[in-house]
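As written, the chains take the letters A, B, C and D, and residue 1 is the first residue of each chain.
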Amino acid sequence: MSLNIAIVYGSVRSERKGIRVAKFLEKKIIQRGNNPSLIDPMEYSLPLLDKQFFETEKPSAKLKKLHNIFLNCDAVIVVSGEYNNSIPPALTNLMDYFYDEYEWKPSGIACYSSGNYAGVRAAMQLRAFLGELGMPSVRKIFSVPKVSESISDKGELISKELEKSSEQFLEQVEWYAQAVKDYKIKKGMLQA
Amino acid sequence: MSLNIAIVYGSVRSERKGIRVAKFLEKKIIQRGNNPSLIDPMEYSLPLLDKQFFETEKPSAKLKKLHNIFLNCDAVIVVSGEYNNSIPPALTNLMDYFYDEYEWKPSGIACYSSGNYAGVRAAMQLRAFLGELGMPSVRKIFSVPKVSESISDKGELISKELEKSSEQFLEQVEWYAQAVKDYKIKKGMLQA
Amino acid sequence: MSLNIAIVYGSVRSERKGIRVAKFLEKKIIQRGNNPSLIDPMEYSLPLLDKQFFETEKPSAKLKKLHNIFLNCDAVIVVSGEYNNSIPPALTNLMDYFYDEYEWKPSGIACYSSGNYAGVRAAMQLRAFLGELGMPSVRKIFSVPKVSESISDKGELISKELEKSSEQFLEQVEWYAQAVKDYKIKKGMLQA
Amino acid sequence: MSLNIAIVYGSVRSERKGIRVAKFLEKKIIQRGNNPSLIDPMEYSLPLLDKQFFETEKPSAKLKKLHNIFLNCDAVIVVSGEYNNSIPPALTNLMDYFYDEYEWKPSGIACYSSGNYAGVRAAMQLRAFLGELGMPSVRKIFSVPKVSESISDKGELISKELEKSSEQFLEQVEWYAQAVKDYKIKKGMLQA
């Protein structure tokens, strides 16, 4: 049985490049026989958080859609740039709308930059953020330096070095996701 | 000569409590003979960042006002809650619009929570964020646990224990701000 | 079948208090039907790291013992104080000797302080550290403020509020440990 | 008048490479007319911390020497590798012996790695660590990827790209150190 994997991208800038990383992972996940749901904050246009989903009396169709994606996924991958060595607010803002939806789901961190360091500093803050959301992140981080030169705007690899790294990353995410899913079924927390 | 101190508050939630901390510090700064500029993200309603101020062809009056506050201040104090152990996006989002404005200005971190730990985890991420913005933060962090019980909605102290802590905090911010200001004047980077 | 859980304590100070937290968790783990191995860095006296275990030609009996504990455990709990808002070096130093031993094992973070904030800042650095070691940490952090007033020197709870918190913490560690263990057996990575 | 700048190196491994970064900065500081004191933890052989300097009844000559270097310096530069995405324990351990000595002194972070990311994750933890020690770190981080290919074992640059980066780094450290020193003299905290 295939796994549902949400991919949350973290920028709404017109000239954003990291969407390439998200598209690449989306393709890869399909190739590997699983079901990605790419969440692009530009499509959701959520305002800076006032009320979380569970506090909202009449949530919008968009919020309900996100709620359902997170509720039904088996793992979450975040694709994060780095603004001032920190997590881009478009990413934390979208994810902060939800909480219980995430519980007992593993996560994976993909990070990128236009420069050499691939956003790994933001990735460390994400270890803390995702931990608190109940989604421990797997060891391997898929880190992409010089993103414009590494992946095309259609999400195809230019830098072949990233092939192996992305495979290891997705293997770890799938491994934890399947382990947790099996255990939930065993414990009656999830239907087979 | 008095110091210009910007206070940046980091929440736009209807039920936000940390605005009390910002108001308290605003009063304190006036009492101590300096000039605070309280920046409330609710008044500025900045969208999630697309272009930074310097990239914006025709910046709005609001953006220009922020630019001028940051350009002309001698120090910046951030007042931060903690969302999922991380910095609230309303805070990073507002500050990410600017960069050169901050250079060579000391900063201070105030943090708060409704619970016991006062937001100190977000404060650690702010050490990294403010460092990268060119605003090293002073040692003392003004941390306020149980904010609703500690400061009134008018910004007056209920918990007198915070009096001394806030004084030490502002002394350190002023100390660094004055040291840097004097040196800029000596070096011709600023007019006396 | 019971779980093997290593508990790594992180201080060698004569007047250390956090050993109370480690002893308390040790008892609790036994009560819950599992097998703790308490690792006290004072007993191991490892010098500041020169060579990791796998690089050491003739490892000492002590190093071999640690290697075996980590190799054979199903989860690792770290018990950490906070030195200057960071992880105590006695903790990182001991754990840095090993790497592959940790792979695919969940972890839990317990932190404490003599003051009010329970060491939660060090806990955030531990999210990053344990992630890189291949041991994603569970959401719940067992955090103990005012440690001397909360747990006796024999490891018995004085502050009954910590009872529920410790149960939730150990449940999460056991949950992930069992999920991962079952999956390893299913995949032939471990014998049943 | 020249500045006294302590350089604290953070590894005692036989095959350590970062000592090259420390030696390079030592030379540079001399060239720029200031006085470096290179602190190599291998020469001090401090055990894992039991008692801090101020708690020690009869401190060793080595501890006294360190105390005096920190007390009399105008700024501290740390040279840090990255162990498991975190600060090497040899660095925190040495620095944890002291506290008041550091007060009101700016700091600079130099980091390195054998790989591509130059230790920048440890640098973020150092922002927090140095902040708590009372030594806010300057914006610019001197980050050295592929250290063996970038600097010779005598501390000479192989990669000329690092020249400009090191100059900017030292300028910022000196700028803050001089600003703070001038202000201390003005306030009577230091003799001219």
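Here is the rule we use: a contact is a pair of C-beta atoms (placed from the backbone, for glycine too) under 8 Å apart; a residue touches a chain by one contact, two chains touch by 3 or more.
Bear in mind that the values here come from a model prediction, so they are computed numbers and not experimental data.
**Student:** Quick one: point me to the chain whose Cα centre is farthest from that of subunit A.
**Tutor:** D
**Student:** So using the touch definition from the top, which pair is joined by more C-beta contacts, A-B or B-C?
**Tutor:** Between the two chain pairs, A-B has more contacting C-beta pairs.
**Student:** Go ahead and note the Å separation of the Cα centroids belonging to subunit B and subunit C.
**Tutor:** 37
**Student:** Measuring centre to centre with CA averages, how many angstrom lie between subunit A and subunit C?
**Tutor:** 28
**Student:** Whole-Å distance, subunit A centre to subunit B centre, using C-alpha means?
**Tutor:** Each chain reduced to its C-alpha mean, subunit A and subunit B end up 31 Å apart.
**Student:** If I count partner chains per residue in subunit C, which residues reach a count of at least 2?
**Tutor:** 85, 121, 124, 128, 131-133
**Student:** What does subunit A use to touch subunit B in their complex?
**Tutor:** Residue positions touching the partner: 12-14, 41, 48-51, 83-90, 92-93, 95-96, 121, 125, 128-129, 131-133.
**Student:** Quick one: in the complex, what on subunit B touches subunit C?
**Tutor:** Checking each residue of subunit B against subunit C gives 85, 116-118, 120-121, 123-124, 143, 145.
**Student:** Which subunit B residues qualify as touching subunit D in the complex?
**Tutor:** 103-104, 106, 124, 127-128, 131-134, 136-139, 175-176, 178-180, 182-183, 186
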